[in-house]
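As C-alpha cells, here come the structures.
One chain, chain A, links the two complexes that follow: it is found with chain B in the first and with chain C in the second.
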Partner chain A sequence: MIAPAVLLTIILSYIPMSGLVLAFKNFRYDLGVFGSPWAGFENFKYFFLSGTGARVTFNTIFYNLINLITSQFLSMLVAIFITEIFGKTYKKICQSLIFLPYFISWVIVGTFIYNIFNYETGTFNSILKFFNMEPINMYSIPSAWVWIIMIFNSWKWVGYNSIIYMAAITNIDAECYEAADIDGANIFQKIRSITFPSIMPTIIVMLLLNVGRILRGDFQMFYQIVGNNGQLYNTTDVIDTFVFRSLLTSSDMGMTAAVSFYQSVLCLVIILAVNGIVKRVNKEYALF
Partner chain B sequence: MKRKLYSLLVSVLAAALVFGGCGSQAGNPSGASDTSAVSTAGSSAQSKIDTSKEAEIVMYIIGNQSPDFENVMKEFNKKSLDDLNATLQVNYLNWGEYKTKYPLILSAGEPIDLIYTATWMNYYYQAQKGAFKPIEDLLPLYCPESYKTITEEAMKQATVNGHVYAVAGTKESYNAYGPVVRKDLMDKYGMKSIDTFDQYGDFLKAVAKNEKGMDPTFFTSTGSEIDDIYMLSKGLYPLTGNSGSIYWIDPKQEQPKVFSKTDWDGMPEFLAKMKEWSDAGCWSKSALANKDTEKMNNGTAASRIKNLEVWVSSNIDTKWDFNFYNFVEPIEILSHMQDAMAVPTSSNNTERALMLLDKIKSDKTYYNLLNFGIEGVNYKIHEDNTIESVDSTKFAFQNGFWGMQMRDFDLNKVGSPETLPQIQKEYHDTAVPNKFRSYYMDTEKIKNEYAAVQNVMEQYFNPLELGYVDPVKGLDTTQKQMKAAGNEKVLAELQAQIDKFIADNK
Partner chain C sequence: MSYSTLVNNRIRMSKSTIIFNIIGYSILSVLALLCIFPFIMLLSGSFTAEQSIAQYGYGIIPREFSTNAYDLLFKNPGEIVHAYGVTIFITAAGTFFGLFVTSMTAYVLSRQDFKYRNGFSFFFYFTTLFNGGTLTIYIFFVKYLNLKDSYLALILPLLINVFYLLIMRSFMTSIPSSIIESAKIDGAGEFLIYVRLILPLSKSGLTTIGLFILLGYWNDWYNAMLYISDYKMYPLQYMLYNMLSATEAISRISSSSGIEISNMPAQSLKMAMAVIATGPVLLVYPFVQKYFVKGITIGAVKG
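And then the complex of A and B:
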C-alpha cells in the first residue's frame, strides 16, 4: 500500500539530491553535471567574502522569525474573531476582504509600495504635506523597511493562514462551549481556556513547518519591494535576493547550487534543533 | 484527491524529463570532440552537401512571440523545405524569464541548433564553459554567402581561446551615448543645443524649477548611466565595452592601466557635481526604487540618457519630438558581439542549421519574412524606402532576430527622425576602430571577488553617484568596501589580461 508514496518520495526528493554535487563542481555545458571537473569549496567562497554571507543569513533568519511570529499571531487572532462573529453575511464579507490580498501578486504590491512611499508624489508624503509636515524620504531610512516589509507580509498572508486556524476552531467540540456558558464564563474566558488550548497542536505544527524554511527568504516579496535599490541592502538583503543579484551577471550554476546547499544544510540543522526542543517540552506536539 | 494525484503525476513526469535530460547529457561527455570530428570531415571533401534527409532546425531567441508569427512561419517553412529540405522551429524565451531560462535550456541537453547570444547574454563566459560548438571551419563551407560579409574585426571579437563560437550580423551600432531630450521643453527654456555636460545640467535644473510633477530625468533600480557618459565623454573606455562597467582604462595611453570607477581621479569632482544636481531636484529622491522604464515616453520625464536607438523609437512611439546629443568621442562601432547567433553543443543538425542561417542572412525574401512578416499583410514599403508596420500588435518588427541583422537589408521605419539617415552616414564614415573592443573580461579566476565587488558597487556607489549621500564620505566608504571585497585582486588580474592583450595585438 505504501509503495507508491515511497516511490514518489524517492523520485521527487532523493534522486534530485544527487544534483547537489553541482555545488562542488566547476560546471561545463559540454560535460554535464557529473562530468564537470571538481572545484572543492571554491563555489562557496564568494558568499562569505567581505562578510556579506553573515549579514544576509542574519537578515533571512530575522525576517522569517518576525514574519512568522507576527503573521501567525495575527492569523490566529483573525480566526478567533471571525468565528465569534454572528451575522452570516458580515462574517463572509470580513473573511473575503481579509483573504483578498493573498491573490494580489508581489509585483503589484511592489508598485503599491513605490506609489505610497516615493518622495515626490507618494501618498504618504502627500498626506504629510497636507498636514504641513516635512516630507520623509523613506528610501534613505533602511530601518523603516523592516516595519514596511513586516506589515505587508502580514497583510498578504493573514487571510490565508487564518483559514487553517478556523478549521481547527470549528473542530472544537461545541459541548465545551455550552458547558462554559452554563458555568457563566464570558467570551474572553472561553477563548483563553477552551479555544486557545484546543488549537495549540495546530499552532505548533504551523510553527515547525515554517521554521523548516527559515533560511529561504520569500524572494518575490523582497525582490519586488526592494528591487536593486542598494540603499536598503543592509536591512533588507536576504540570501535569495543576494544570490539572484550576484549571479544575474555570471549565471554560474555551481555558485547558485553552493548557496542552495548551504541553505538546505542550515535548514536541516535548525529544524532538528527546534523539533528537539518541542519534544523536550511536550512529546505529543513534536513532528517526529 | 484525484486532482492532487494527477498534479503529482505531472510533476513526477516533469522531474523525470528534466532528470532524463541531464542524464543523457552526462552520458555523453564527448560533445566537444564530436564537433571536431565533423569539422575535420567537413574540411576534407564536402563540397556537395547532402540534404536528402529532412531536418527540423530548432532555434531559441529572446522576446515575446507575435500573434501572427505562426502564419509567417508556415510561409517560411514552405520556402525552406523547397530550398534546403529543412524547417525552422523558433522558440521564444519570454522577457520575464530569459535570464534564468537561458542557461537552463543550454544545460538541459535538449537538442538546439541555433541560439541567440550576445555580450549581454554572457557570450564569452558560456563559450568558455563549452556551451557552443566551434564553427570557424564550418562557416566558409556552410555559410559561404554571409561569410563574405563578416569583417575581420567581427571574427576577432567572436574568438574565444582561439575558436569562433558565434557569428554576428552586419548591423552596426555605435557607441554614441547621451541625453535624449524633449524638444518642446528645450524651446520653452531657450536652449538651442546641449553640447556639454554642464549644459545638460542647466536643462535639468530649468525643468526641475518650472515643471511641477515632471522628472527632469529618471533612472531605474539598476542604477544610472550618468557616470558612464561622464567618463565616456572624457575618452575613457569601459572594459565590458558597455555602460555599467566597474573597470575602465584610458585607451590613449601606451600601456593602459586598469582602474576602478571609484579610484578614478575625476571621481570626486563628478560626485560633487552630482550632489549639487541632486539637491537641485534634477531627479527623484526615490530614483533607485523606480521600475518604470517608460517615464519619458509617457510624458512624466523630460529626458533620459540613452543611445541612438532609444531616440529613434521615442520619436516614433510618442507624440513628442526628441533631440539626441552625443557626448561620446570618438565615435566607434560597438562590438559585433552585441547581437549574434551560436550553435549550442547539443545540436544534431549543425550543417543544415548553418545553411539555413546563411539563407536568412543572404536572401532578402527569407530575411523579410522573419523580420517584418508577409508583405502587404504585415508591412508596407513606401517609395522613400521606409517601412511601415500594418499592425504592430499582430506582428512586431525584428522581434528577437537581432542576432542576424544585416545592414543592407534594413530599412528605416516610417516616423523616424528626418536627420537619422544623415547621422547614421556620419557615424559610419567617421567611426574609428578601437582594438580593445575585441578584448573580453575573463572573470573565471576572480569570480568570487568580482561578484563581491559588483555587490558593493550596487549597494554603495549607486546611491552615491545620485548624490543621496555625502560625496566625500560616501566615496571613502565605497573605496573601503571595495578593498574588502577584493578589488585589488580583480585589478591585478584584469591588468594582467590587458597587458597580455596588448602584447598579443601588437
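And then the complex of A and C:
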C-alpha cells in the first residue's frame, strides 16, 4: 500500500535529483542531461565570485529567521488567547477571520500590497494625503520591504500555524489546570507552568521543520510581493528568486543547477547538525 | 487555608483573568480586523467606478458604486468559465488522488508493527531537505516525461506533501491498534481495514488535510507558469496573475468586447477578477471548520 507513494516520490523527487550533475556540466539541450560535457566547478564560480551568492544566501536565511520567529510567536500567542479567553462566539469569529488570509493565493496578496502601497492610488498614500503629508513611494525604499514582507508573511500564516498550536493546547489534560486552580495559580502562572511546557514538543518540531528549509525562500511570496522591481533586489532577493530570474534572463542552466545543489547540500548539513544537537540534549525532541 | 486568604486568592485570580481577557480581546480584535481589511478593500474596489479609484484611491466603502467591472467580465464569460473549469478539474482530481495516496501512506507509516516505518518516513522527509530544485524537475518533466502543456504537470508536483503526510501519520497513530488487531482476526485484509475502518475514523484528519491540498491546487499559479503555454489551458489563478501583471489579458478582453483600452476599468477589473477567483473557495470554509483543531497533530519524522 505504500508502493504508490514510494514510486511517485522516486519519479518526482529522486530521479530529478540526478539532474544535479548539471551543476558540474556545461548543459546542451540537444545532448541531454547526461551527454553534456563536464565543466568542473566553473558553474559555481560566477555565483560566488560576483558576491551575489553571499547576498542572496544572507537574505534567504535572514528572512527565514525573522519570519520564523515572528510568525511562530504570534501564532502561539493567538492560540493561547483563543483557547483561554471567555466568549465562545467571539472567539470563533476571530479565529475564522484570522484564518482567512491562508485561503488566498500570493497572487492576490500581491494585489493587496500593491493596492496599499502604490504611489498614485494606494491606501497608504491616501491616508498620508488626508493628514496633509507628502506621499511616499515605497517601491523606491528597499529597507521598508523587510518590514512589509515580515508583516505580510505573519499575516498570511498566523491563522494556519495557530491551529497547530491550538491542537496541541487542547490535548493538554484538563486535570492539570484544575489542580493549579485549587492551588490558587493565576492564569499567567498556569500558562507559564502548564501550557508552555506541554506544547514544547510541538514548538520544537515546528522549529526543526522550519530549520530544514532555512535556505529555501518562499518563491511565491517574494515573487508576488516584489516582482521585477530591480530597485528592491538588494534587500529582497532570495536564492529562489535569483535562480528563477537568471533562468529566465540568461538561461544559464549550469549555474542554476549549481545554486540548487549548493542550497540542498547546505540545507542537509544544517538540519543534520541541528537535529544532532537536539538529539544530544533530549532524544525525545529530535526530528529523526 | 483560612477563609480570608481563599477570598484574597479569588480576587487576585479574577483580577489577572480580567487583565488577560482584556489583552486577549484587544490583540485578537486587532488581528481579525487586519485580516479582514484587505478583503473588504478588494470587494469595495471591485464595485467602485474607475475614475473614483484614480482620483481618491481605494476605500472601505465604494465612493461611487458601479458594477462596470463585473458587467465587463461577464459580457464575455467564455474565458473565465473555461478557466474555472480547468481549476475545478485540477483541484478535484488532485485533491482526490492526493488525499488517497497521503492517507494510505500515512496509514502504513503509522502502523507500529511495520518494521521499516522510520526508514520510509525519512525516505519521504529527505526530499524536502535535498532536492533537484525547480530547474532539474522542469527539465525532467518537459524533456523526459513530455508534460509541457499537460494537466498532469499541474497535478503531479502537488500530489504528495511531506508535511501533510507527517500530520496524517501522527493523527492515525492515535487510532488504537486493538481495532486493527480485531479486524484482522475477523479475517479482513489490509486494504479492507484501511478503507472500512481507518478512513471513517480519520474523518477530521482527512477533512483538514483535504482542505490544505485543495487550497494548494486552487491557488496554484506557479506550475501553470512553468508548464502551461496554451492560453486555453490556463487555470484561474494564472489567468488572474496574467491579468494583474500584464495588460495582455485585458487587451484581449477589450478587443473581444469592442471597448477601447483607455476606457477599460483596469483597476476595478483586476479587483473583480480577484473576487471571482477567491470567492468559491472561501465558501468551503464553514463546512470544514469544525474538524480543524481535531485534525492536526504534528509529530516528528520518526514515530
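In this section, the second predicted complex is superposed on the first by the 259 of 288 C-alpha atoms of A that agree within 3 Å, B and C clash if a C-alpha of one lies under 4 Å from a C-alpha of the other, contacts with A are read in each partner's own complex, and residues count from 1 in each chain.
The definition used in the following text is that a residue touches a chain if its C-beta (ideal position, glycine included) is under 8 Å from a C-beta of that chain, and two chains touch if they have at least 3 such contacts.
Predicted, not measured: the structure shown is a model, and the values here were computed from it.
A.B. asks: So, on chain A, is it clash or fit between chain B and chain C?
C.D. replies: Clash: chain B and chain C overlap once superposed on chain A.
A.B. asks: With the two structures laid over each other on chain A, which partner does A:206 touch: chain B (first), chain C (second), both, or neither?
C.D. replies: In the superposition, A:206 contacts chain C only.
A.B. asks: Please work out whether A:264 is in contact with chain B alone, chain C alone, both, or neither, and reply first, second, both or neither.
C.D. replies: Only chain C; A:264 stays clear of chain B.
A.B. asks: A:163 contacts which: chain B (first), chain C (second), both, neither?
C.D. replies: So A:163 only meets chain C here.
A.B. asks: Now for A:49: first (chain B), second (chain C), both, or neither, which partner does it touch?
C.D. replies: first
A.B. asks: Is A:246 contacted by the first partner chain B, the second partner chain C, both or neither?
C.D. replies: Only chain B; A:246 stays clear of chain C.
A.B. asks: With both complexes overlaid on chain A, does A:33 touch chain B (first), chain C (second), both or neither?
C.D. replies: So A:33 meets both chain B and chain C here.
A.B. asks: Which of the two, chain B or chain C, is in touch with more residues of chain A?
C.D. replies: Partner touching more chain A residues in the overlay: C.
A.B. asks: Does chain B (first) or chain C (second) touch A:62, or do both, or does neither?
C.D. replies: After superposition on chain A, A:62 lies in contact with neither partner.
A.B. asks: Please indicate which partner A:177 is in contact with in the superposed arrangement: first for chain B, second for chain C, both, or neither.
C.D. replies: A:177: touches no partner chain.
A.B. asks: Just checking: does A:20 make contact with chain B only, chain C only, both, or neither of them? Give me first, second, both or neither.
C.D. replies: second
A.B. asks: Pick the chain C stretch that clashes with chain B in the superposition, from 127-135, 253-261 or 289-297.
C.D. replies: Clashing stretch: 253-261.
A.B. asks: Go through chain A and flag every residue that touches chain B in one model and chain C in the other.
C.D. replies: 8, 12, 15-16, 19, 29, 32-33, 110-111, 120-122, 227, 247, 253
A.B. asks: Applying the document's contact rule, which stretches of chain A touch chain C when the two form their complex?
C.D. replies: My answer: residues 1-2, 4-6, 8-9, 12-20, 22, 29, 32-33, 77-78, 81-82, 84-87, 90-91, 93-94, 96-108, 110-112, 115-116, 120-123, 125-126, 155, 158-159, 163-164, 166-168, 170-171, 184, 186-188, 202, 205-206, 208-209, 212-213, 219-220, 227, 240, 243-244, 247, 253, 256-257, 259-261, 263-265, 267-268, 271, 285-288.
A.B. asks: Using the touch rule from the top, collect the residues of chain A that touch chain B in their complex.
C.D. replies: 8, 11-12, 15-16, 19, 27-35, 42, 45-46, 49-52, 110-111, 114, 117-122, 137-140, 227-231, 233-234, 242, 245-253, 255
A.B. asks: Would you mind writing out the residues of chain B in touch with chain A in their complex?
C.D. replies: Residue list for chain B touching chain A: 8, 11-12, 15-16, 19, 22, 25-29, 31-32, 99, 102-103, 106-107, 109, 122, 125-126, 129-131, 213, 215, 221-223, 284-286, 288-291, 344-345, 443, 447-452, 454-456, 458-463, 468, 481, 484-486.
A.B. asks: Which residues of chain C touch chain A in their complex?
C.D. replies: 9, 12-13, 16-17, 20-21, 23-25, 27-29, 31-36, 38-39, 41-42, 45, 53-54, 56-59, 101-102, 104-105, 107-109, 118, 120-125, 127-137, 139-140, 143, 156-157, 159-160, 163, 165, 190-191, 194, 215, 218-222, 237, 240-241, 244-245, 267, 270-271, 274, 277-278, 281-282, 285, 289, 292-302
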